[in-house]
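One structure follows; several queries about it will come next.
Naming follows writing order (A, B, C and D), and every chain is counted from residue 1.
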Amino acid sequence: MDLMTSLQEITKLSHLYYERQWMYATAGNLSVRDRSSWEQFWITASGKHKGELKETDFVSVSVADGTLVSANEGLKPSAETSIHQVLYSQMPDVGSCLHVHTLDSNLLEFGVEKTEGYRDIPIPPIEMIKAFGIWDEKPSLTMPVFYNHTHVPTIANEIKRYFVTEGIPKVPFLLIEGHGPTVWGKSIAEANKHLEAVHFLLQVMARRV
Amino acid sequence: MDLMTSLQEITKLSHLYYERQWMYATAGNLSVRDRSSWEQFWITASGKHKGELKETDFVSVSVADGTLVSANEGLKPSAETSIHQVLYSQMPDVGSCLHVHTLDSNLLEFGVEKTEGYRDIPIPPIEMIKAFGIWDEKPSLTMPVFYNHTHVPTIANEIKRYFVTEGIPKVPFLLIEGHGPTVWGKSIAEANKHLEAVHFLLQVMARRV
Amino acid sequence: MDLMTSLQEITKLSHLYYERQWMYATAGNLSVRDRSSWEQFWITASGKHKGELKETDFVSVSVADGTLVSANEGLKPSAETSIHQVLYSQMPDVGSCLHVHTLDSNLLEFGVEKTEGYRDIPIPPIEMIKAFGIWDEKPSLTMPVFYNHTHVPTIANEIKRYFVTEGIPKVPFLLIEGHGPTVWGKSIAEANKHLEAVHFLLQVMARRV
Amino acid sequence: MDLMTSLQEITKLSHLYYERQWMYATAGNLSVRDRSSWEQFWITASGKHKGELKETDFVSVSVADGTLVSANEGLKPSAETSIHQVLYSQMPDVGSCLHVHTLDSNLLEFGVEKTEGYRDIPIPPIEMIKAFGIWDEKPSLTMPVFYNHTHVPTIANEIKRYFVTEGIPKVPFLLIEGHGPTVWGKSIAEANKHLEAVHFLLQVMARRV
């Protein structure tokens, strides 16, 4: 898949997620690794209306250090680019990262402390977790939940610390508390499949009585 | 109705159910009995995006033993084909089976044990049950709920055991706990009518306070 | 507005209500008084899929006694025609009645007894009740809630008894418990406005904690 | 942006909000300041179906005193024009005000007394508040909530009293209890961004358990 096709595919997802109320206001950011240059990724520019995103509203960023590679005039990378950069650098086979703000992810409260940084939270073993490629019967799984530092690079550092300390999570996503989930996958299609399953899972967690 | 028309009809339902968030990720499977060859049925192939399903994404399977009859190259039957096979073989007049993952079916928890296999659970006597062809006033109805074995043929065997032991359920559906409902009907249209009523019923059960 | 325009307008509402999940399976029935012959009304035929309703799927019925006036071949009036007949005969200025099955109307439980027949239930004085033409500040309003007899003419008789005993309700709707609301208005547009407000109100009643 | 473009943009939002069930029945009113004549604003006429609003369904009103400047025949300003007038007169840089009736704003009950008039209510410090331009980490924010007087100019006076006494709220919106939120922004696009964030916030407040 060439770059333009990738950007079209992710732009289409942006419109779809906006309709699903996952990217209200200007919330969220979507990125895809450049298949012709694996050491950079393309991410939505800052402050764009996600229901009206265009293929030209992306900027490219270095996987190695997060520096800007190229951008159309007037565009700057999403404020949360550093999180994507950590994910691509920690997981060389990941081709796309998707971050949205869903209602249910904001209904859940775990009380992760600022000094603590992150905590593993159990998730219910519903059938939908098979979308993550996990086929065990009623497995005891957890998801990593991070404190929502205003200084985004601090969140990115905490995520890096998690990967170094705990390893790659068994589930292909993480949650920033009071903020929203970030998922990843080998391709845009796989990342989207993961996000739909995560949305389903978080709804179950937030609404079971 | 010829086979192509049936597959078009069920493909259209697949897109509709995806939009309703009943077939997120790659969840769910839909099937229809072949009217020109009643001893086989057509079921969605494994791993397809249900919002983008095509009429060619089905494989045909024997009602008698669940073996594959025919499939386009690269397609294999849904992992849950054995459940459909049991339903068609136990109910000779059934023409379509629909299985989806709805949120509300995952909010309900009954604690069916693995060793127990299944349990009958009472359902509220709301007006909507008339869609199942049940016209009694405030009837005491139940629905069969099954344990979600990872080994799907074990679920299929439990369903067969239910039908042999308890008979055909009075309601045209069953539920696999933490997984989703499976409905059936004489035609695709009737199965769809049943599924809409089941969705309504499960919402009432999960959300009544 | 001539008859065909009215039937087109109400058919369009049927499709809209189906999309809103207010007329799932084959639930609900919609009717409009014939402006060229005020003594008859047109109501949706029995058993039709409400998302695929056509202008020819209506039959005409006498306001005076509920007998069938005319119907295309194969059509019979909705099973709940007698309720519409009572409403048109009790309220000479009503031009349209709309009955749907909404989730929230089924979440609410009041325990109206069969022998009791009906009961007035308080409704919260939210702003939305101004859609009913009620402009008092925080008024103490009630809505009539009826027992859901399987024999529909018994419900119709109870409604007639209510109108004779209690008078026309101050709010332009009634609720059948575990079943759904029925609204009315001078025109289809006014009845639709009332139904949207009733849906909002019933959601507030069912979901306030 | 010229006037016709503004009215087209706000008309499009009206249709969108109707589909989102934020402007059911005839609820809500939308306005935009006239960029060629900053001392007047255009507001939706009274009693219009918001899903069918047209660019000609607006009337212009004086910012100074709320008197009607011009209107097509048969149109009168929204009953809640006085609230918009106070907001434009108190905030000279505001270019658009949007008022809708959302379900979640009606689920929240604060018990503001009539004699009290208004009260500041704490809001949770979720990520979405950054859409309001507030970048503090976990700030202690409040929103002003007003008593829903039937006499709308009394609400407008209370809002004016709030602005004079307490100053401009730090968040770009206010809530009328049992009624709905009103948001503002420099442009229609900014006001819309604020409304989407407010809707998200009020859902979190109403549904967190």
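Definition applied: a residue touches a chain if its C-beta (ideal position, glycine included) is under 8 Å from a C-beta of that chain, and two chains touch if they have at least 3 such contacts.
As the structure is a prediction and not an experimental result, all values here were calculated from the model.
Listed here as common contacts of chain B and chain C: no chain.
For the pair chain A and chain D, the fraction of shared interface numbers is less than half, so the two copies use mostly different residues to meet. In this assembly, the chain whose C-alpha centre lies farthest from chain B is D.
After Cα superposition, the angle needed to carry chain A onto chain B is 90 degrees, rounded to a multiple of 5. Remark: chain C and chain D have CA centroids separated by 33 Å (rounded to whole angstrom). Averaged C-alpha coordinates put the centre of chain A at 46 Å from the centre of chain C. The multi-chain contact residues of chain A, meaning those touching 2 or more other chains, do not exist; every residue touches at most one other chain. Contact between chains, using the touch rule, shows up for A-B, A-D, B-C, C-D.
Those residues of chain C that touch chain B in the shared complex are 21, 24-27, 49, 101, 103, 106-107, 109, 148-150, 176, 178-180.
Listing the residues of chain B that touch chain C in their complex gives 124-128, 131, 135-137, 189, 193-194, 196-197, 199-200, 203-204, 207-209.
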